[in-house]
Amino acid sequence: MESMPSLKAFQHVLERIAEEIERTPGRGRAADYIPALAALDPRRFGMAVCEPDGTVYGVGEWRQPFSAQSVTKVFTLALDLAGEGDALWEHVGREPSGNPFNSLVQLEYENGIPRNPFINAGALVVTDRLHTRTGHAAETLLEFLRAESGNPALAFDLDVAASETVHGDRNAALAHLMASYGNIDNPVPVLLEEYFRQCSIEASCADLALATGFLARHGLRADGTRLLTRSQAKQVNAVMLTCGTYDAAGDFAYRVGLPGKSGVGGGIVAVVPGRCTLCVWSPGLDERGNSVAGVAALDRFTTLTGLSVF
Amino acid sequence: MESMPSLKAFQHVLERIAEEIERTPGRGRAADYIPALAALDPRRFGMAVCEPDGTVYGVGEWRQPFSAQSVTKVFTLALDLAGEGDALWEHVGREPSGNPFNSLVQLEYENGIPRNPFINAGALVVTDRLHTRTGHAAETLLEFLRAESGNPALAFDLDVAASETVHGDRNAALAHLMASYGNIDNPVPVLLEEYFRQCSIEASCADLALATGFLARHGLRADGTRLLTRSQAKQVNAVMLTCGTYDAAGDFAYRVGLPGKSGVGGGIVAVVPGRCTLCVWSPGLDERGNSVAGVAALDRFTTLTGLSVF
Amino acid sequence: MESMPSLKAFQHVLERIAEEIERTPGRGRAADYIPALAALDPRRFGMAVCEPDGTVYGVGEWRQPFSAQSVTKVFTLALDLAGEGDALWEHVGREPSGNPFNSLVQLEYENGIPRNPFINAGALVVTDRLHTRTGHAAETLLEFLRAESGNPALAFDLDVAASETVHGDRNAALAHLMASYGNIDNPVPVLLEEYFRQCSIEASCADLALATGFLARHGLRADGTRLLTRSQAKQVNAVMLTCGTYDAAGDFAYRVGLPGKSGVGGGIVAVVPGRCTLCVWSPGLDERGNSVAGVAALDRFTTLTGLSVF
Amino acid sequence: MESMPSLKAFQHVLERIAEEIERTPGRGRAADYIPALAALDPRRFGMAVCEPDGTVYGVGEWRQPFSAQSVTKVFTLALDLAGEGDALWEHVGREPSGNPFNSLVQLEYENGIPRNPFINAGALVVTDRLHTRTGHAAETLLEFLRAESGNPALAFDLDVAASETVHGDRNAALAHLMASYGNIDNPVPVLLEEYFRQCSIEASCADLALATGFLARHGLRADGTRLLTRSQAKQVNAVMLTCGTYDAAGDFAYRVGLPGKSGVGGGIVAVVPGRCTLCVWSPGLDERGNSVAGVAALDRFTTLTGLSVF
């Protein structure tokens, strides 16, 4: 890693990336199935880098809250894994899906066990289990994010949650299908409400880069207490790398080379184990559901800094 | 990486791993479709670690030649990428397959473009392209392996190649299917002969750990000349991590946390970028085609040394 | 058709079949996911033949009510087709599915349009449309069956309907998936209630053979009024032949050679256009969900009488 | 069947159909992967009806030879079934495929046993078995067609056979895949040569309607000897109805209501058991590979005469 820049250089790197992104023409399209997201200008952009000690660097709209959506799946996975350990893996796999993120096909061929915790089906299983253990999955998540980001203003966007409920037939189909195989504990409507609230949390790049910090600190939370064992932190990073960006995980690993998790709100978090965490936001998505400018910015970051896991 | 041991400690680590493996009961079964492989005792074991400067540490049968089989796919990928660059990616993807390694299903749904260069279909495409450019794919590979390992005795095992030809209907089906989509240049029988010769190469853990060195040296060959750009070396490591162990890539990343490539001969190569390469051999396979003791040994190695990419 | 027996011979043929069935050892197993059905002795047997003028011949428990289940799909299809005509075919196909009867795979690949009206997904679409037009799909069906059979005692078995609701996750998944593609009009819980009531209707072989009579009379109801055009009646028979027995339709056509529709309650109705209708009941099912003795009895019937469409 | 016309009326019916077809605008496109077929005007049209006694009626180009292609699969099925009986069904199924005619997907999921004898994979199995028993499958077929049609001039079109060989990668893939499951006896290149010669036979509507006569005569050949038992003849008709027109079998049954078998040369044969056989030819195909004018003509025939099996 001889080419690694001084961490002091982060601010400069971020500014250079923002300039390059600004000059790039295409940006994809904002997710259109949630009205509040569809209205966003796909060219908006923010990015933050967070050192293990909590120092945050940022550029663009890095303090602007946005809809975290599937980025939250990293945190529910960690929270559930911290609570029940390896028993989780009897209910969800950790292999890339090789199919679009909401596919029912694989679920059917594999008897209701989703491929990994980051496809929708797998995230529903994780939330279901977290809800069973805590009694309130979405609240548990929100409290965790508030604590790690140090931002007590984080909140659900209940309009977004409600609009997902209205168009939630696909997730309802997934949940009922898994329930038919005995892999869902809670009533499907209860689970869906928790899940849509979870996804609706609004947070900024700074908030999410801070909240992801435990994955750069080998499992330690912001206050120094342990959330995950060193081994578990490594495992979550591995699952993010192989499964974190829907059916573009291979391409993301190839281009960016970091564990990452994206959401249809346009956010992506990424981890350089031991070194830093990142969060980038730009609402325009590619056809696989990942932020166009977000992936490009992370690609540039690893190229400019040499900070890839490979 | 504060917990990383001195490199001097490699020999000790290897010996400790070999002792633990020796005490482990189950070992899986040797591949049974190639007579020469089926006869091997599944408990045989060897392992080597190679530093970027070519220093090799070993334990067990680390100098014993074995059938490299799919481990060779790493080298043909690198050789072809070095030759034609990104044009390769128009003919083969870089996403995990999510299906068993020789599945025709995805190939059919995706118009003859294999998911990645490490499933059989993708490896056939890489060999086909290497053969078109060089006129002798298998020879080109053999020369490369001899040069990198410093072992001029490396050779094809023509009996193994011949026994694959006899039972090669599945690979013939893959090749003809891709040819029907225009994704194979050479006549199918010619391609299959090159491919089976490529897979039949016999090499030891020491040979293969040395030959993989360019991936730890960010693209530089043993003689200091450049095979791949820094970026390409990183990309090959990424593809190994997400696709290198058939449909167990997610689990391998989770347990081992290193880019790796396995073969049905029982060998696995792995890379710690910038630090070292590894090769382990034990003929007993799990149901997904990966060496049981090989994966266990790599798992122990990253746990004992802390040398995971995550 | 020179070998066709006098219709007077039907009673003799039925008795001979019942004797042969009685001597047959294996019978399959009653459906086990509905308690009321699981309790049935798989060896029970009844069979009825009905001439176009309403004359009914029977043997065994031919007057014993049983759970009609999927046999009702013939009648909802006819009722909806009578009401909306070919517009129905924009919402459901008429090709054999080639997959198990409740598969979600094809539905996903084909954008929420079920393959045919006799797989569960297709039957849900038909019931949904019938419900939208009539305001009470299950009641409409019940009234039709009462009128055609001349049996005002026909009724829903609400215990059976309730036990399906409890275990209805699979059908809920199908309905939500189709709703996500815009192919379901009514709220899913409303649709499922109608559907489970429809399936729960209890009727005897005599009742169902009489109710199927319009398909032997080229579309005319028992009272001589027209339900379907001659062409539509022919079309419903064609769909029964190619799709009426789940993924065993080819084998049923091969062995029996008549349009037929089976249900997991153990009933099967069949049609000899222009000549007669049949209903057979025996609760033991084969692995594809068709009554073992039912298929065997129909096979014998066509062999003994020569009354196949081929 | 009260509406059935006197058989004397066949000539009049054919002329009326030809006039209607002439006025119809769209005709689809001739198959483009075989040069000799691609050159044909899609508007060409001929049709013949043949009574059980061998009387033939015709209209348009009913005496014009065309490439029989997959229509030949009916005859190889009958010839092999006559030779080995039910043992054939251990090597090929009799269920509709529900997928395009040359799909490998189902073959892979079902261990190399093709769904039915009329998809390409199934036809390859039938030809393979016929070749094993007779030593010359294509010649055996040609002799049968010459005898039944009374036309000794029937011959292979070796140019067509050769052009298929050149582009035969898809069929080679199917054959090798089945061979990998042990379901092909002969070397794949030998099998493919027999198969392409079989498909290349040129015959007219009159020839093929005559040759299909055994299916209307319940198994008797033109000279009165028995080819198939009455039961086998019925079974072949059933397989034609459920599987004879690729993945449009349900629609063909719905519209035409007769057992039929189509080929990409634009020919279709159909059977009214006990009454007559038909052959229609027009080279323009729909997207599923069936002759557009051919299906339309058969649809009109059954509507005008009432001669459907339903």
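Every chain is named by a letter (A, B, C and D) in the order it is written, and numbering of its residues begins at 1.
Keep in mind that, in the parts below, a contact is a pair of C-beta atoms (placed from the backbone, for glycine too) under 8 Å apart; a residue touches a chain by one contact, two chains touch by 3 or more.
Just so it is clear, the structure is predicted and the values come from calculations on it, not from any experiment.
Novice: Taking each chain's centre as the mean of its Cα atoms, which chain lies farthest from subunit B?
Specialist: Farthest chain from subunit B, going by C-alpha centroids: C.
Novice: Roughly how many whole angstrom separate the Cα centroids of subunit A and subunit C?
Specialist: So the centre of subunit A lies 48 Å away from the centre of subunit C.
Novice: In whole angstrom, how far does the Cα centroid of subunit B sit from the Cα centroid of subunit C?
Specialist: 56
Novice: Between subunit C and subunit D, what is the gap in Å from one C-alpha centre to the other?
Specialist: 32
Novice: Do you know which subunit C residues sit against two or more other chains?
Specialist: none
Novice: Judged by the touch rule stated earlier, which pairs of chains are there in contact?
Specialist: Those chain pairs which touch are A-B, A-C, B-D, C-D.
Novice: In the complex formed with subunit C, which residues of subunit D make contact?
Specialist: Listed in rising order, the residues are 1, 93-99, 106, 115-116, 231, 233-235, 237-239, 241-243, 247-251, 253-254, 257, 259, 273-274, 303, 308-310.
Novice: So in the complex, which bits of subunit A are touching subunit C?
Specialist: The contact residues of subunit A facing subunit C are 103-105, 108-109, 167, 169-170, 172-174, 176-177, 179-180, 188.
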